[in-house]
Structure formats: structure tokens, C-alpha cells
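Every chain is named by a letter (A, B and C) in the order it is written, and numbering of its residues begins at 1.
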Amino acid sequence: MYDVLIIGAGASGCAIARELSRYELSVCVVDRESDVCEGTSKANSAIVHAGFDCVPGTLKAKLNVRGSEMMPELSKQLDFAFLNNGALVLCFDEAQIGGLEELAERGRKNGVKGVKVISGDEARAMEPALTDEVAAALYAPTSGIVCPFELTIALAENAFENGAEFRLGCNVTDIRKTDSGFTVLTDKGELEAKAVVNAAGVYADKLHAMVSTQPLKITPRRGEYMLLDKDAGGLVEHTIFQQPTKMGKGILVSPTVHGNLLLGPTAEDIDDKENTATTRGGLSEVRAKAGLSVKGIPFGKAITGFTGLRAVGDTHDFIIGECPDAKGFVDVAGIESPGLTSAPAIGEYVRDIVVGILSPAEKSSFKSERKGITHMAALSVEEKNEMIKKDPAYGTIVCRCEGITEGEIREAIYRPLGATTLDGVKRRTRAGMGRCQAGFCSPKTMALIAEKLGIGIGEVKKNGVYGSEVSVDA
Amino acid sequence: MREFDLAVIGGGPAGMAAAISAREAGIENIVIFERDTRLGGILNQCIHNGFGLHTFKEELTGPEYAERYAVRVEELGIPYELGTMVLDISKDKTVTIISPSRGVETVKAKAIVLAMGCRERPRGALGIPGFRPQGVYTAGTAQKLVNCEGVIPGKEVVILGSGDIGLIMARRMTLEGAKVRAVVELMPYSSGLKRNIVQCLDDYGIPLMLSHTVVDIKGKEKLEGVYVAAVDEKNNPVPGTEEYFPCDTLLLSCGLIPENELSRSAGVALSPLTNGPYVDESLETDIEGVFACGNVLHVHDLVDFVSEEAVRAGRNAAEYIKGKPANPGEPVEVIPCNGVRYTVPSRLYTQSVTEGVHIRFRVTGVYKGASIVVKCGDDELFRRKGRIFVPSEMLDVVIKPEKLTGVTGRITVEIEEGAK
Amino acid sequence: MIRELTCIGCPMGCELTVEVENGEAVSVSGNTCKIGENYARSEISAPTRVVTTTAISEQGRPVPVKTAGNVPKSKIFEVVEQIKNTHPKLPVALGDIIVPDAAGTGIDVKATMTVKE
């Protein structure tokens, strides 16, 4: 019997696990995928939103601003990439400048610091690649960018180190209320827990319906993206948004923390919770709309395209709280944008709810710091040579595009909650994320994974999608 | 700091041939940096035959061709460092390397030959929509898995792109027991050699679908199949022509890109037409003493031509090291015109030319009964009629030095079309 | 009967026109060298190919191999099957015979690479 079972190992689930691991609680995170960060958390804009476009008074507004405040310090504690690069929201029509003013006002009400409306020329002075059509812009200096994989993996690893258990490749099929809590049925057997946290992303409504009759509907909103080579990463410095519409924040153009250029997302509400395919129409929409904001985007430098599903709730706000008709069952649903930004704050918020239910004692042994995987490219020559002297594997470059060594890949595979798939290695080290998209490094990375798992190279999987045999039960 | 007369970046066919020719031209202090664990580069995974007809007058497999050069490197005692990746080259020809045995080290060279080869165009660059499942590989990655690791990626295969690696892999997968359903080519002609269409596709009854492309990829975890559609003249898919091919493997053979990240960071000027450095007739880039050859310069069709080019690069690097005077006069620009996609070199120092000047290029389409014409203004420097010119073939013309005497300004290379 | 062939003798890929009588080539045109004529004659009467593949060594590493000469096209899969069932012990040197007289063709299969461990 666990004290808390968290369903979903995305950014929210892992942040909650980390916060709960501060307490004398037995915590278990289950996910149907064989790795953490396999759903919405892995395919989004990677933005730490300043918090100016949430409606004041909403949970979104509160958690966005809190999450954004937490991120710089958290990135140091947990050793993940974060950059405060600022954002511009572009307005293309003089008549719409009032909308920017409204946004700025919202931002001030939400407690966002430094937001101001600037002219088109001022915006172009900050970002010379902006198109001539830009009439004005909202400048938000506190906006940032983050690596969503590193963030989620760091939260998970830190939770793990503090005692949280992870059952991956474990799909929840049903939940039953019992006298002492819940019996959670999975394809890998039954689990018992006093409290359950439903952080299942686009499937949060299905899980909710297993224990509650209260209506809750999650609509997957498909967003397609294009990622461009690092050659193109310097085109803009700030995250460039377009004035928001009903369907979301429009198409953004943003550098990533690793120096690529990200374009997207489209916004299309769909029924299929598994449909993460890109489409010809979607990708051409990304190209067309991104071109409205920024001149001279070298679309020929595209290295990949991907699709994420945002979990859109029917209340237009995050739906976080204990189910009135299922005490001990906490929904963390409708975590669409700014979900990634809010994740650390969602962790705190849900921690308080669970602590309210179970009244646990705080641990004295909690370790708030986590050391990430060595990043050779970021080290000084002396530091590199020290690493190579200790372990020559740090002198062998496997991924030539990103300059990732065998030592780094081994770390990713052998550390707790380590990678078991090519995508797992890619998200932890960036091996395979560069311009050749794993063409050169795959065979070697596969061999390293195979060696650890004791399987043939041909059995190594690219991804950890539900149904794969590889699992990393803690 | 270790100092070398010549540092050769890459120990594939280009690097080995350049090092050998520099040594034969009298340069003693040479080093080859190779990232892999043996010399030979991509030839080691090209286990099929068809290499060496020009160089050795016999048909060799890739590893055999590589081994002949590797043996020569050994015979000449040319030092090479394996497992060594070059991290950076700077304008003053310092080279930063990393290896398990030496760690990170900066070395100095009087001259550098760039011979890093090329990489394959990945799916993302092609913009093929759909899911991103396991089972989608570039043809070269699959080739490495099959030939070097003994791993067969799948049983039912569709190949997009009819580049030579794709054609070779169609046969390779067939011999390994897989069913290759089709090779799909966007263009109305194949980008591979004709002999490979015969002996890799026709021999095994594998259909080649010209003017078709993959428009959707199905399967979330594992590849389940692809939709193939015909394309119109503008290469846009024609609605209603989609055909579903169940498959567990999709191989992409859609072009090679010279790998010039090191050249770029060194400040070498790159041509958007070749994605390789701009060079003159001595294969010197715009940085004095930095030469380029092989697929890093432009993508070749045959390794024999890589070797031949590399021999020239190595020899010219040797001349440079020995103190050849700077090029006199202004260069003559070489301009690709009608039907010519690019030229290598892109400029000639006509006053220093003492031997025939190679101009290599590819045509932009299929030309029958046309002529290659090289002109300076109205003066014809070269003319050759051919039965057929195809984009898959790298063309090579040699301009006699006497023709270049007194030529200034620019010369043009064009295809003069015959009857279509 | 006239047959059109593409010569595979070298990368030029000459388009050959072959006049065939009683299953034999009586005249060949379109070739630019002797290889083309020879190819056409054998392709009409008894087509042959060089086979290249890998033999998986005892130690698991693939060893690239080729038939030392042309084998009948009809025997390709038989030759490949025999190579598949052969597991040479490393080290192997370039030119080592991996399968003698492959599939009864009289042609040996040889290693095309020196593979140590």
C-alpha cells in the first residue's frame, strides 16, 4: 500500500512526486510509457511564460507566475538548462494595439514584472529579423526558455533519489475505491494507495471517470512544430509570439536553450488522444505564420517536425483539486499552456492538497539538489581532460552533430531512472538531436543500450511508447 | 604544442589519398585524424562491388578499395590517429582534437586538407509528415546496421529516394530476406547509377516509382506503413493517387550534404550550391593553406574521382608547404550557366596554371544529345557532345592550360541543348 | 529479336541494343568498350553477377565477403544462403576463402576486409 500513487510521469506528475518526496510518504509514480516525459511534456514550446496572458484570478495565472518565479532557482538546484531570454508579443495591426495594452495590464494584475508596450521600430531595434509589418509589441523581460526533457527528467530523478518509486511501462486500466483508499488496476498487476493523483495529461478525463461521476472533459489540442538547425538558432534572441487569439498563442518563433530555432505550434482540437502525427497542412501553416513575424527564416534548415497534444480542459483553467465524490483522488487536469512553466508550482500546490489529506511529517533527509549528466561541450579544456583521464569514454565522440561522448551516453543509460531507448538517450544527452538526426550515432548508441539491457542491438527500441517490452520498474 | 606540416581531417578515401600524395610529393610530417576505429571512412560499410574501375582497372568492394589505400598509408609510414574527432579548426590552422588517449589537444599545422565527407539528408529536412515511429532510417544508417553490426532493421521495406545507397540497400535487404515493396523517387529520373537500377532493382523485380513520394507515415510506436502518392510537375502530391504500402522499414536515400561544420567555424567560405567550400583550381579554399577534396567539397558519384581529386589536393598542399609563391593576379570566376547546377572549382588563377584544369559539375536535368560548352565571353574554351547527361553523374572536363592563357574575368560552363 | 539492356560493367551504364537469335546475342551495339559486348552476350545466354554480402563470424561481427568471380544469377540466393550458414572464426584477412566453391558454382567466396576481433 502506497501513501500516494501518481499517475503520469510528465512534468506535473514528476514535480508533484518531488514535492511529496520531502515528506515521510511512500510515493509511487506510474506511467504507461517506458520512460518519463513521453507525453505532452516532451512536445511543446519549451517556454517559461511570464504570465501576462492568463486571466487574472485564475489558477493558471497564479501557478504560471509562481512557476516562472521558481524556475531560475530550480534550474540551478536540479541542473537543467534555463535561459531568461525575454519575449515579444507582436501586433501587426495598429487597430489592435489596444489588445497589447490589455495584455500588459493583465500582466501587471498577475504580478508580472517589467511588461510594456513598445513600437514596431523599437521591437525591430531589439530583434532586427522582425518583419516590417510589426506595428507594435508587448515586451516581457521575465519570459524564458527551458529544456522540457531536462526539467521533467531532473524532477523525476530528484524525486527518485528522495525515495519516490517509479513504475514505468505500467498502464492503468481501472481504479476502484476501497475503504482504505484505492485499488489501481494496471496491466502489470494491482497497486494499492491511500491517495491517487491523476496527472495523466490527455487521459486525465478517462481516469477521472473511473472514480467520479462529476463531468470532466479533456480535448487534445494538436500542435505541430518545426525545429531548425543550430545554424538558424541565432535568428532571434527573444521568444517571438503573435497576439493571442481564441485558439491559443499563435505561432511562435523562438530560440531553444540549446541554440536551435523552434517554430510552432498550430492549434487544432481533435478527438484522437494518440494522434501525434504531423501533417502537410500543419507544417505549411507553421511556415506561413512564422514568416509573418520573422524575416528570412531558413526553412531549408529544418531538421525535424513533431506534434504535441495539449490537454485542454473544458473550464479554460487548470482543474486541480480533490474530487468531491472521491475523497483522496486529486485531479491535475487540463494542464495546457502554461503547464510546463507552472509545473514546479503545480508540484507545490498539489503537495499542499495531499499533505492536507494525509498529514505526513517532513523528512529531514530531503536532498533538494540533483546533478545532471556531464555535458562535455560545456566544460573547459582542463575539465574535459580530467574527465577523459578518469574515463577515456569521455574522449570518444559518438554524436558528432552535438558533440556528445560515449561517457555522457553511458551516464544517461546507467544512472537511476536511466534511458532504455534511443529517444531516452536523446532527451537526456542530446545525442541524436542534431542536424543528422541520429543517422551516424544510432548504431553506437544502440550498442551501448543493448550492452546495459543485455539484449541484441536489433532489439533496442527507438521510443518507449505504450506496449513496448522494455520497462524500468524501480 | 605538436606541430605538423600537414593535418588531414578524415581518414576516408579522400583523406588517405591526399595524405599519400602529399607524402609522395616529399612532405614528411603528416597526420591523419580519423574519428572511427579504422581507416576507410564510409567505404567500410559499402560492402558491394563497383569501386576502383578507374583507379585500379578492376572491380573492388568498398572495404577492399579502402584497404588498398590503408596499406599504402602503412607502407609509407604516414601517422594516423584513430578515435580522434576534430572539434575545431581555426583560421591560423590550429586544430583542436579530442580522443580517449590524448584528451583534448590543440595542434598546429602549416596546411590542412579537409576530407570530412558528407552526411545524409534526414527525414525532418524532407518534411515528410506523419508519425515518428521506429523503423525510419536513412539508407546509410541501415547500411551500417546491416553490414557492420549484423542487425537487419526490418522485413518489409519501402525506400524513398533512388540515390545509390538506397538502390544498394534495396538489394542488400532483399538478400537478407526482406521484401522491398518499392523504391519511390520524387523526380522523374533516378538519382542513382543506371547499373544499380539494373542489378539492384530489376534483378529482383523491385518497382521504381518515379515522380512519386511518401506523403504520410503510419504507426505510432513501430512503423506500420506509408502512403505513396504521385507528384505533379511542381513536385506537389496529386490528391487521389495515394497508395498504401504496409511496411516495417522506411529507408531514406534523398541526398547527401557535405559535412562542413568545421569548415564553417574555421571561416571557410561555403557555396550554397554545393554546400562545400569555394575552391580554386588547386582545391585551395579561401583560407590560404586549407584545401578540400572528396565529398566534403561536393558530392561525388564515384570514389575513383574522390581519390583522383584528393591526390591533387594533397599534391597542392605539398606545394604550398614547400613555399609555392602566392597566386598571381585576379582569379577568373567560373559561373554555372544553363543546365549546370554548380562547378568545382569556382575560380581559377589562370596565370599559375601549368596543367589541365579539371572542372567538375552536375547537370540540373536529363539532357540527350546535348553538349558541354565552356566559354569566356564568346571564346569557346571547351566543347564536348554527349549522348546523355544525367544529374546522377558527376561530369568532369579538363581545360588545357594553353586555352586559359590570357583569360580574365569570368568563364561560363553550360549545357547547349540538342534536339530533345 | 532485339533486346535493350543497360550495361552494368561500369558506372557509365551504356544502353545496349542486342540482336538475339536462338537465345544467343548475334550483335551488340551501343557499348563503348569490350565489357559491354561481353556483358550483353552473357546476359542473353547465361546472366551472371558478383554477389556481395556478410558472413556473421563466430564472434558475432559481420565479415564482408564477395564471390571471387561471377556466379549464375539463378544461384544468387543459394550462394547467399550458404554464406549465411557459415560462421568464420576471427581474425579473418582480406582474401581469405570463407566458402569454397559456393553453391557448386566453382567460385569461392572470399573475405573483402581484414577483421581482427
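To be clear about the criterion, contacts are C-beta pairs under 8 Å (C-beta built on N, C-alpha and C of every residue); 3 or more make two chains touch, one makes a residue touch a chain.
Source: prediction; values computed, not measured.
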**Asked** Which chain, with its centre taken as the mean C-alpha position, is closest to the global C-alpha centre?
**Response** B
**Prompt:** For the chain pairs A-B and B-C, which is connected through the larger number of C-beta pairs in contact?
**Reply:** A-B
**Prompt:** Taking each chain's centre as its mean C-alpha position, how far apart are chain A and chain C in Å?
**Reply:** 54
**Message:** Can you compute the centre-to-centre distance for chain B and chain C, using the mean CA position of each chain? Integer Å is fine.
**Reply:** 26
**Message:** Roughly how far is chain A from chain B, centre to centre by C-alpha average, rounded to an integer in Å?
**Reply:** 39
**Asked** Hey, what residues on chain B touch two or more of the other chains?
**Response** 148-149
**Message:** Applying the document's contact rule, which stretches of chain B touch chain C when the two form their complex?
**Reply:** 44, 47-50, 53, 59-61, 63-64, 67, 146-150, 172, 175-176, 193-195, 197-199, 203, 301-302, 393
**Request:** State the interface residues of chain A toward chain B in the complex, per the touch definition above.
**Result:** 226-227, 274, 276-280, 282-283, 300-306, 381, 384-385, 388-389, 392-397, 400-401, 403, 405, 435-440, 442-443, 446-447, 456-458, 461-463, 465-468
**Residues of chain B that touch chain A when the two form their complex** = 35, 83, 85, 87, 98-104, 119-120, 122-125, 127, 129-135, 137-138, 140-141, 144-145, 148-149, 151-153, 215-217, 220-221, 237, 261
**Complex interface listing, chain C residues touching chain B** = 5-11, 13, 49-54, 56, 60-62, 64-66, 73, 76-77, 80, 94, 112-114
